[in-house]
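Here is the structure we will look at, set down as structure tokens.
Labels for the chains are A, B and C, by order of writing; each one numbers its residues from 1.
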Amino acid sequence: MIVVDVVFFVLDLAVLYSVYVILASSLNLEYGEAGLPNFGKAAFFAVGAFSVGALSVRLGAVFVGMALEGDFKLNSLRWAMSVSQFVARNLFLGLGIFIATLIVAVVVGSVLGVLASYPALRLREDYLGMLLIAFSETIRIVARNYDPLVGGTFGAGVVDFLAWAGSPSREILLLFLSVVVAAIIWIVYYRLSASPFGRALRAMRDNELATESLGRNIVKLRMMAMMIGSAMASVAGVLYAYYVGTVNPDDFTTSKTFLITLMVIIGGSGNPYGPLVGPAVYLAFDRLIQFTKQRLILPFDPNYLSYIVLGVVLIIVVDRHPGGIVPEKPTLTLPRELRSLLRQRRVEETWNRQ
Amino acid sequence: MAMDLLVEAVVYGNLLSLLSIGLSLTLLTTRVSNFAHGDFATVGIYVAYTMSVLFGANPYLFLPFSFVGGLLLGFLVYRVVFEPLRGKASLVTLMIVSMALDFILRYSVQIYADVLQRSLGVYTRGIVFKDVNINLLGFTFPGLLVISSAVAWLFLFILYLFLYRTKVGIAMRAVIENPSLSEALGINVKRIYALSWMLAASFAGVAGVFLPFRITVNPDTGFSILLSIFAAVTLGGLESLLGSIIGAYIIAFSETVGVYYLSQIGLSTAYRPAISFITLALVLLLYPRGLAGLWSKR
Amino acid sequence: MELLRVESLSAGYGNMTIIHEVSFSVEKGEIFSVIGPNGSGKSTLLKALFGLARTFSGYIFFNGKEITNFPPHERVKNGLGYLPQTGNVFEGLTVRENLLLAGYEYSNGELDERLESVQEFLPDVKRLMDRKALTLSGGERQMVALAMVLLKNPIMLMFDEPTAALAPKIAEEVFGRIVKLNREYGLTVLLVEQNTRRALELAERALLLVSGSVKFFGSADELLNHRDLLSLYLGL
């Protein structure tokens, strides 16, 4: 019994950490490097999950020749279980469903990311943030109410693409998959950050005019950053959906975006190691609180505490150590005075009228 | 039917106007897009609710407590969170700090709700207040309509008097326009900033008390209407107090009437929030100066 | 008697130093001009003297006190007045409201008294009282800004290019007022000006600032006749 508990605990922690690392990396690329406050992050996360939620059952049914009669909302869970039974006998069916939904997720996510990069041209940064939040909430509202998509408030059932592996092999496979995918994505992010593309993004973040005058296409840079970031978030959504087994629109609220944002800032928004640190801090607090909750008797649900602690930590970090736990390392290309001046200029724009 | 809709729209407008003017104020003075603003309203609700449960009286009577609670909360939030960051943080960083503040406030209220339930044995989620009827001039009006209108318009009028007829209020308008000149003239800018946050939070607290009279309230109710508040402020033109008031009533009427039409064409009324979001998006993308762009020369 | 003494002042914004090791002094009752080419740091010097720019090193002594680290409103209390080129009035407020704010720390009675004496010097202000500052012409705005600074009863007034963007006739009016303030009311004047000739004609002593460093400090007449310096740095 204990062994199973431990396996599930480790699996849960590993998958969540992987998902958050991917999400934090994507936001770090968009905001930390490129200066785009993508506060619609939850929507791009959702796109991946919704692709799985909407398609895994339907695709699976097509592949096995099963007819789906009735309401998606009422039957998706049952249908998911039926398809999973087919998968239990056919490894390739499972992999096929997984890969197909992953491709759809990445494509849709990327397209949406490109679209979302256009407003960035004309809006001041805080207004852009607001717009993206509005966009994110709209997607959630639509998914919540348009039942055929992901079953509205009931959510959608997801096919278990690893049904052919028995426990605990299934869990271990899922764990490895998440960790490997997260590692790959993080390494890609790290490489991008250290590449000329990364330098161009940071230059654009610090001073658009100068970057443009040096011949860099701002529009294209933004588009690329958002596209890659959104594709990453989408992948996280796919992993999350298959892990949880169902997809519910209420899981992808603005609060989720806030959570990721806090992780990114606490971890360190300009530094590639930041996305590894931020989620670790949150999950550490969260698990610690879960652990001690069994020892203490509290008159309230201690899960709330993780959020409060995270909020307090962020405020302290911004006040005392604004770079985050791992601050951005200075580029070797700009002289120190110029970099400070650019940073100071950004701060002054907040506090002065033009 | 039309009468009900009208009443609903006016009440919602009263609420939103108190909320949007506060959000506008803190945006104009300290440049913070405050994602915790909705939670100021939630605190107001729970203050009034706690008192009404403890003393067994109608929540309307505890409006002053919610007001004072808001004053204290606003002061604390500004001094502890935002004043240390003055001159040090960018616009987006301030937004992110307000997100952290939202987490802190919202989940603190959740904890408070749990504790209150445990200790007093009352329901602290799904709160609803029962309205009273008021008889005026031979007609019977819902108390919510009369009281929310009276309170909202009184507060807005007092705010107007404050900003245009008192030295401190004029100083606040000056600080909004040019903080360094204000500083040079000897105006205590820090105090003005603190005052703006106190006003914003207290107005929100009072507005909050009206919420349980029209919908069931939970610790995250304030947060859930935050985007309507932002839509109202954006529609008004993000840098205009008058604009936010007008924007608030427009959003209120649009949402109320819009929901009615949604049901007529067979779409779920749960699409209601989309009205605000779409308004916000359209204004930001097409005409960012908002309504204020129509009368402002600058 | 020395009213202002600046010793080795280095100042700027953020981490960037604009003026380097500037030293000079201003005598009580004189008009002192600061001239130099564009971008030489003249405005930054005034801002530093007033407390709106960052001081990296050096000292500022005013009226017997060391004010190097005083915040702006403290310097105002000690009698230092500053009239910047822009942002010197609140555009969205009426002239009356602007003056009210300039007299923020005075009681009603005291404010009325001061307002009266300022209006004696600048009688045109009276008719502009209810106009929004945004609607005023450049010259009118200058006048209101001056009224606001005078309300505080300064001993020394620092002007940052007061005649920039003004028609020559209005510019002469402004110079006339400055001279009157100095000769009749005994105010010490520190004048930063682009109009080098007029600035040096009106002043007793002057400072030539180039790229943030002092190239000349002394008699204004001497500088006015110093062909080499003037042509080298100002193309005159």
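We adopt the following convention: a residue touches a chain if its C-beta (ideal position, glycine included) is under 8 Å from a C-beta of that chain, and two chains touch if they have at least 3 such contacts.
Everything quoted here is computed from the prediction, not taken from an experiment.
Peer 1: If you average the C-alpha positions per chain, which one ends up nearest the average over all of them?
Peer 2: B
Peer 1: Between which chains do we find the greatest number of C-beta pairs in contact?
Peer 2: Max contact pairs: A-B.
Peer 1: Which integer distance in Å separates the CA centroid of chain B from that of chain C?
Peer 2: Centres of chain B and chain C (C-alpha means) sit 44 Å apart.
Peer 1: Determine the centre-to-centre distance between chain A and chain B, using the mean Cα coordinates as centres, and give it in whole Å.
Peer 2: 31
Peer 1: Rounded to a whole Å, what is the gap between the Cα centroids of chain A and chain C?
Peer 2: For chain A versus chain C, the centre distance works out to 55 Å.
Peer 1: Quick check on chain B: which residues sit in contact with 2+ other chains?
Peer 2: Expected reply: 177-178, 180.
Peer 1: For chain A, what residues touch not just one other chain but two or more?
Peer 2: 353
Peer 1: Going through chain C residue by residue, note those that touch at least 2 other chains and give them in order.
Peer 2: As it turns out, chain C has residues touching two or more other chains at 87.
Peer 1: Tell me, which parts of chain C touch chain A in their complex?
Peer 2: Within the complex, chain C contacts chain A at residues 13-16, 87.
Peer 1: For the complex, give me every residue of chain A touching chain B.
Peer 2: 31, 37, 39, 119, 122-127, 129-131, 133-135, 137-138, 141-142, 144-145, 255, 258, 261-262, 265, 299-301, 304-305, 307-308, 310-312, 314-315, 318-319, 322, 346-347, 349-353
Peer 1: Applying the document's contact rule, which stretches of chain B touch chain C when the two form their complex?
Peer 2: Per the stated touch rule, the residues are 167, 170-171, 173-174, 177-178, 180-187, 297-298.
Peer 1: List the residues on chain B that touch chain A in their complex, please.
Peer 2: 31, 33, 35, 81, 84-97, 99-104, 106-108, 110-111, 114-115, 118-119, 177-180, 223, 227, 230-231, 234, 238, 267-268, 270-271, 273-274, 276-278, 280-281, 284-285, 288
Peer 1: Could you list, by residue number, the parts of chain C that touch chain B in their complex?
Peer 2: Checking each residue of chain C against chain B gives 50, 52, 71-73, 76-77, 82, 87-93, 97, 100-102, 104-105, 134, 148, 152.
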